[in-house]
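Note that the chains take the letters A, B, C and D in the order they are written out, and that residue 1 is the start of every chain.
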């Protein structure tokens, strides 16, 4: 079961030609890996995540995620890929005209589940992140940490193959963080989900095996 | 020099009548205090901060900040108050159509400084937060932590009497956090600035005397 | 509440656009009608010493629709009150044959002159009396109205298009973040834009039907007919089936087109 | 680039609005002018057995502007070709006095009838010949044009206002976050809104001057004058000083008003 989920070869990423954020990096992530990415502010962690779900076109090198080659990928294929990924964005990216419940339902709706199934699953996840009582609120009526937990619920809703989490506990107190770590560990353990987490601080009491990539000067190195 | 900067008496705050977020709380903050506010996600920390710069009208009780009574304050007086406060918002609230430099200049422009002074001071602060090289970028071209540091630079730019910081290091790595703590301690030490910080984790290596309020169930209690 | 506002802000500009369009169409019909009636009242009168052959004349001047002999009685009657019987008898005996010439469509001044010249060049014809001066004036006035209404219609068209563009800008501002986020989760094109298409589809139907009903029913009210009579207009030419389907077509086309444009513009710098 | 787009998106609707406004004003002048000319050509002709007193008649019928005796020579000349000299002499001896009555403004049909009745009721007057039928027709046509142009002007006005509203909506969407954040730092009203006011002030001047120059210079071009002549219009009535200041006033008023509205609407649920 040593399937490769992410495979990067000589990856170059940049927002402006000639100013690479990620330089000549190669790495791979296997199915059911639990990966931490750390690095200084502005080192390119979010940029790397962005490239993994295809928001940022590659400048050079090759990148394969969930069997899809991202070098010259079309809109159609990208949509297929994104359906298998759950992303927790650093700035949450909740849809502010939608209720919390509908926000969580988004990936389920895209996957084509019936309305009933969507609602049930959304409620289950809102319960997990302890925010079921906020289901009918709009994102701007929530506290920072509550918004972050909604973003997490949304990313987990459709049981994705791969979860990309950008600083998922940055705005959470210790108790709420604990809840989130348990959720992620649960998905990893029970569903075999591959998990990639950007963080500034790897929790000391995680209690599972993980891999750790460190980003510095645009280069990705595994810490062991 | 035991001047009271913030004085709250039986403070009630709520977004919807009958659902109070802060209940019947009394506390005061003195000049040159260094105050931490902690509490679970959704406990009302940001709400409290909002009331301090007058974004949220009081439901009941009285609140006096920098000598201005916030019970029935007019637009004019509120503007005067806000000129003396520097706020670091949890969601940064940068103006995305403005460059980073102009964002940092905002409180200086409002204070009426000449263009030259504004630019100089803005550059000084950008240097402090190690982002001078990003002066001409727009907020959306920055990483999460970089945006947070811009928000901090902006809050400090006009040497306010009172700094309100909502989770100022949530998105920062250890090194960048250190820089921010040093900045805040510097203002506290050299300028006598009163500082109120919402955080999930009080840094263990702060090395100064601070006061600690804990928010639970809508009530504010001092931890000693 | 928000959703009602959304609908209204689409329906109003669409309604105005369709209304002006239909108004221009109806006006065109009214003017055409008016023109025809006006034209039917007038004809060229010619006097000829010998009988004229209609077919020959038509060959000579293709614009001629009909050549009608005028009974001289009418001509003579015109003078009955002013002339003595003796004079009238003289008149009758010396009178040539009179004809009224009807044309196929209203000529402009130049064409009219040409026709007159051609008629005069026929030897037997002694007199050609073209339209009265007042006719030319009325005709000019009619042209004037048409020019005004055309200019205004062009104006309205331009502003309405601008209005639709502005609405598109608003949609872009309102929906781009949502559509961008939905895209990040792999949402297909139709799902991202379903709301907008549904909105404008409903609204274009409402607007078209509204305008149609307005033009169908309002001209039938007594009050309206009184007003129209007083300014000498017949504004009842709405053709339920033709016009309604035209309105619907235009309405749906414009909205679907502009929504699609908005959605295709939806490209952020990144993917 | 963004800033240019901002300017253009304000200037275009403003330009159209002012253009239509000025067009409507000029059209009104043209129509008035046309109407006056038309009216001056016509008068009521009356025949009276005795001399008529102008002042008395004016007292009776206040609408009368002037009473002009007509030389009978003209009347007789009209029959010169058709009558024998003997008849003409008879005619001349038995002719009553003819007068042309000029009215102060064009009467509608009912007023005209009343005037006719009043004139007839004066014993010495034997004949009253009011305007020809064609005059009534032309007059109706003129009214028709005016009605059309009024309806269209109202349309354009409504759509332009809508356009301004849409622009306001766009401004609200584009600026509310910035102004909200500036407010959080204690920015005074004028500073928050300075950009918008500056933008619209410049743009309203540009638009007004643009429209003014258009109406001032374009009617002077040869090509334009040819076209206008062919449809019988005189479109050169732009009054540089009056109209320009009117345009400027309207332009600045509308934009400042709508920007202020946008800014005052700028209230979030919180303070």
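Here, a residue touches a chain if its C-beta (ideal position, glycine included) is under 8 Å from a C-beta of that chain, and two chains touch if they have at least 3 such contacts.
This one's a predicted model, so the numbers in the text were calculated from it and none came from an experiment.
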item	value
Chain whose average C-alpha position is farthest from chain C's own	B
Distance between chain centroids, defined by C-alpha means - chain A, chain D (Å)	67
Whole-Å gap between the CA centroids of chain A and chain B	30
Distance between the centres, which are taken as Cα means, of chain C and chain A, whole angstrom	62
Overall pattern in which the protein chains touch one another (line/ring/star/complete/other)	ring
Which pairs of chains touch, using the document's own definition	A-B, A-C, B-D, C-D
Complex contact set, residues of chain D against chain B	177-178, 181-182, 184-188, 191, 270-271
Contact set on chain A toward chain B in their complex	15, 38-42, 45-47, 90-91, 141-146, 149, 166-167, 170-176, 200-201
Residues of chain A that touch chain C when the two form their complex	50, 53-57, 78-83, 85, 87, 89, 93-98, 106-107, 109-110
Complex interface listing, chain D residues touching chain C	9, 12-13, 16, 19-20, 23, 27, 34, 38, 79, 82-84, 87, 132, 134-135, 137-138, 140-145, 147-149, 151-153, 155-156, 158-160, 162-163, 166-167, 169-170, 173-174, 231-233
